[in-house]
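Here the chain labels run A, B and C in written order, and each chain numbers its own residues starting at 1.
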Amino acid sequence: MPTTSPHDPKARELFDEMARWPIFDPHSHIDPTRPAARNFDEVLGYHYYTELAHSAGMPAELVSPNLDPETRVRNLAGYLDRIDNTVQYSWLLEIAKTFHDFPHDRITPQNIGELYDRAQRSSSGEAWDREVWKKSQLEAVFLTNEFDDPLEGWDPQKYVPCLRTDDLVLKLHEPTTVDRLRRATNVDVQDYATLRQAIGVLFERFVKRGARACAISLPPDFAPYRATAKRAVTPVRRAIHQMDQRPDEHDEVRQVVFWTLAEFCAEFRLPFDLMIGPIRNVYPAGVAGGRDLFDRRVSLHGYRELFNHFSGVTFPVSTLSPDAGGELVAYSWIFPNVIPMGHWWYSNIPAYIAADLRARLQAVPKVKQVGYYSDAYKLEFVLPKFNMFRRVLAETLADDAVRGQGWSIDRALELARLILLENPKRIFSRAGAAS
Amino acid sequence: MPTTSPHDPKARELFDEMARWPIFDPHSHIDPTRPAARNFDEVLGYHYYTELAHSAGMPAELVSPNLDPETRVRNLAGYLDRIDNTVQYSWLLEIAKTFHDFPHDRITPQNIGELYDRAQRSSSGEAWDREVWKKSQLEAVFLTNEFDDPLEGWDPQKYVPCLRTDDLVLKLHEPTTVDRLRRATNVDVQDYATLRQAIGVLFERFVKRGARACAISLPPDFAPYRATAKRAVTPVRRAIHQMDQRPDEHDEVRQVVFWTLAEFCAEFRLPFDLMIGPIRNVYPAGVAGGRDLFDRRVSLHGYRELFNHFSGVTFPVSTLSPDAGGELVAYSWIFPNVIPMGHWWYSNIPAYIAADLRARLQAVPKVKQVGYYSDAYKLEFVLPKFNMFRRVLAETLADDAVRGQGWSIDRALELARLILLENPKRIFSRAGAAS
Amino acid sequence: MPTTSPHDPKARELFDEMARWPIFDPHSHIDPTRPAARNFDEVLGYHYYTELAHSAGMPAELVSPNLDPETRVRNLAGYLDRIDNTVQYSWLLEIAKTFHDFPHDRITPQNIGELYDRAQRSSSGEAWDREVWKKSQLEAVFLTNEFDDPLEGWDPQKYVPCLRTDDLVLKLHEPTTVDRLRRATNVDVQDYATLRQAIGVLFERFVKRGARACAISLPPDFAPYRATAKRAVTPVRRAIHQMDQRPDEHDEVRQVVFWTLAEFCAEFRLPFDLMIGPIRNVYPAGVAGGRDLFDRRVSLHGYRELFNHFSGVTFPVSTLSPDAGGELVAYSWIFPNVIPMGHWWYSNIPAYIAADLRARLQAVPKVKQVGYYSDAYKLEFVLPKFNMFRRVLAETLADDAVRGQGWSIDRALELARLILLENPKRIFSRAGAAS
């Protein structure tokens, strides 16, 4: 058995059925032109392994991009025993067993060579992509596309485009952002009016190519308010031309660009994924992808004006700080357009998933819950991450619904199917979109 | 069986015994002149159902007060399947089964007519009040009385008056507040001195009519300090005469009225229920009763001066944000006059109750815990809400006390009885009151 | 059986093995010249009992230091039934049974005399110290030494010195602090230069005497930044000479002294224990040791500059507010030098330990976790507190590792041994120290 079923018999029954279902994954960082890993370095290069190993004592140089892949893998393997308690390690082992027939129970410096060889697919990349896709029973996986992504070369029904907008909101003042925007849109962006025009071009193109969400990650100090283009016109122009800005002007720019994006989400009927919490580069000496953290003092109350104003926009919300889950339950219980979405990053471990999930199942309308997304960079991770969630879901339903309320197994499975498959498909279908 | 007993045998044994006990409910919004629901619209009109259905897609107009009751019920019934996972839905089903012999396991558009007919009591209202009271084994239920409530027409031993003071503290500047206060007290309120005199009249009257608590809900930005009448004299006069106020003056008014109430609580030996956290009207387009939320960034540290100064006043505290429970445990562990009171509103679901309750049972002196209150608007809700709590309590005691520490069932039941019945009776007895 | 083993068979198997292990306790307040209690007043005098009894209604005078020990004990015994639900009470009973052959299941006014007599050791103090040490299988216990502690008269391999620095950072402006510092170091402290010199003398002496950590508790409003001696030179001089200071100057002094301590920790390879959260004297009318609380609005983000700058210093971190645990998991998952350390004070009850521990075991490299410390004032408490933790650890491993992931009992025990024994020994070994 590649995957550990739950020990409790009812939970196992639920899990085993869920494990037969397809996967619809509404958020990932998969590269659709190279979705599965070509070698084990592309698996072990996931920031969870490099950052945990580094946190456990591995010098960052040992996984430097300047090294060759096999060396990086061998280096990291020397530290895996220090993190073999983590849930992230369990994903790794599930990948090794499920996809590479790895026969051992731990990955060690002794057997890493064997695993590296087994996972070598550089000569058969696309066939391997298809195999992982099939074995995972993937139905669709959402991408994270930079605004200037050409969006060509793949089937957008399977690899669903999603417009990621962090750079536009948070880095408009950086020269590359405006240059990229001009090139991507053929609009000569010089001020707020042309910026707005360019953003319209982006939405048009993304939607035409099958995009089903707009997404952004926002720092804890961001609290959106209704920005007026009028007031922002000067700061935006100054940002576009890389002129000095006062902090309040910089915030004005973030606000007006963000609000403009929400307006286009309304116009194009795109859900706007809000990923709330990260502060970038808190630990600059960390490994790539392992430098961001958060300040837990953040509240969804800061988003009330947004949620009220854009009552027609669906906001699937992920929160980063594990203690913020209760607020998300309450806000999705009240606001029709707020959707609790999956379990994210530092909150994506079974202990926090179990606590959040239990509360959501008890207090948020079932039709509003998007159970899970993988956030994966390589296809191989979709399955073990979803299985982790399915396991917690099975245990929660066995305890609270089947034993706790006398539900039948079928009724519990109906609820599971809703939050794993039907809800995300419906919520991200751009229902009512006229385009 | 109308109620689902816990699955675990020890927990079931504990629950089944508790289910035989009377209920003493130290906080509700029951109307004592019309306590039980005259029809099923008065049950389904509870904000939990309208707000959850609205959050799940039901337009607010479908439950407009302008519609007739049966239409509202039929409209809402069309959305109940979207929220049938919630604990609130389980209360509804328990009401239907316990009080109306409803034979089905779900409430649907097909059987809602049957349920509506079964629950029709408009011709036998008072007999129905008595039947619900008896079936629930109610001993007493505390009310939430506006300060100008005439407090007449019911037995205050059963329907215990409680002076609710939100309007005095938070809305003194609104013209109706002062008018109501003048009429209720026959005091010509013009300044702080006469305001104080009027409040004294209120306390006198409430206590004479059997009131056993003063109560208020406070927003997260409120942090009481010792207000001096001297400094507040001008802002209070300006508020009473509806003159413009600066924000700091408005706060000064809130502070001095609140502090004055605490002084009267001390004088009249009334516990002062603090319900900390709600922000009103965060979602103005919501259904009635479903517009309030919170900002989780709140701390009991803001109440230290109050707790210290009024060492003779008992403060039963409810906190709204689910993540605030740990602080309440610590503050009630240290301050003799701080009492952790029940599980409130957004924190009143089994997932949060279980976490909070377990911690309270492990760290707060048992004589200080007020287990639960219903917060109900109609009598029918008291029983299923208390049963929800009793179930969590039974499971917690079975795990932590009986299996965890080898307690006998009887010892566990003693503790349950203490926090469900004996503590609230003693704490709200106005012990030592001279009046 | 003095100790209740877990009820679950797998957990019991794990616990029973752990209960045979020695204890390595990396933080306590033991007095090495009088480690075990000479009488039961020294047990019941632990602030947990006096503060919980006081919170439950006992007047503080009943445990006044002016009373004789037996009277205090008899007074407090009259209130123990009010707190016999608490985990702290369970430690007490375990002490009575394990160390004093107390045959009863509750401590009452009727049998307190018997217990007092059984626990009387004034004539055989040192033999008793040895007996408690042996029965607890103690290997080493860390102390909390004031900076002017002479550090003589005991074996520093067993009673490990630890430099506590609260007074230097938070109370430099108080005359006694500087006087004590001058006497302890023979440095004529007059300004920042001589202050620094004196602190160097302290580190030198502590390390020479076997100190293995520097420690401090910090209030929630403290957020360390890189203080420059240059800017601080005047405020420090003013503090040393007890001249008036503005709040910003006072903060400047705290900052520069704290940063200086961290520099010496780097130089002497001492881990720097950060105990984050307490606010002193929130409830001034409380019993001794029972007056401190916290404001839960605190974030480790405030420590980023410290963690980055002192990458060579290990920071074992304890957080006070129960809801802060998730942030500590994330910061120790990313920063190599941040260690989640035990479960502290208001967070040291099974409900919070279980939640925090589960998350740490799932997401923090196993080699970085310091499972537990007793924080005890008397040796007798080390065993029951460690047993409480071992019980939670056994239950967590039985659920999540053995049943959840199919680990063998041996593998689960390896992990337990690592966080209970091997990690603390290695982390506090001053590895790499040149001195």
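As a working rule, contacts are C-beta pairs under 8 Å (C-beta built on N, C-alpha and C of every residue); 3 or more make two chains touch, one makes a residue touch a chain.
Here is each chain with its UniProt name: A, B, C = Glucuronate isomerase.
Since the structure is predicted, the reported quantities are computational estimates derived from the model, not experimental observations.
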Shared interface numbers for chain A and chain C above half of all numbers used, same, or below, different?
different
What angle, rounded to the nearest 5°, describes the rotation that places the Cα atoms of chain A on chain B?
120
Taking the mean of the C-alpha atoms as each chain's centre, how many Å separate chain A from chain C?
39
Two or more other chains in contact with one residue: find those residues in chain B.
297, 323, 355
Considering the complex alone, what residue numbers of chain A touch chain C?
4, 6-7, 51-57, 82-88, 90, 279, 282-286, 290-291, 293-297, 321-323, 346-347, 349-352, 355
Given the complex, residues on chain B that touch chain C span 297, 299-301, 304, 307-308, 311, 323-327, 329-336, 355, 358-359, 361-368, 400, 403-406, 415
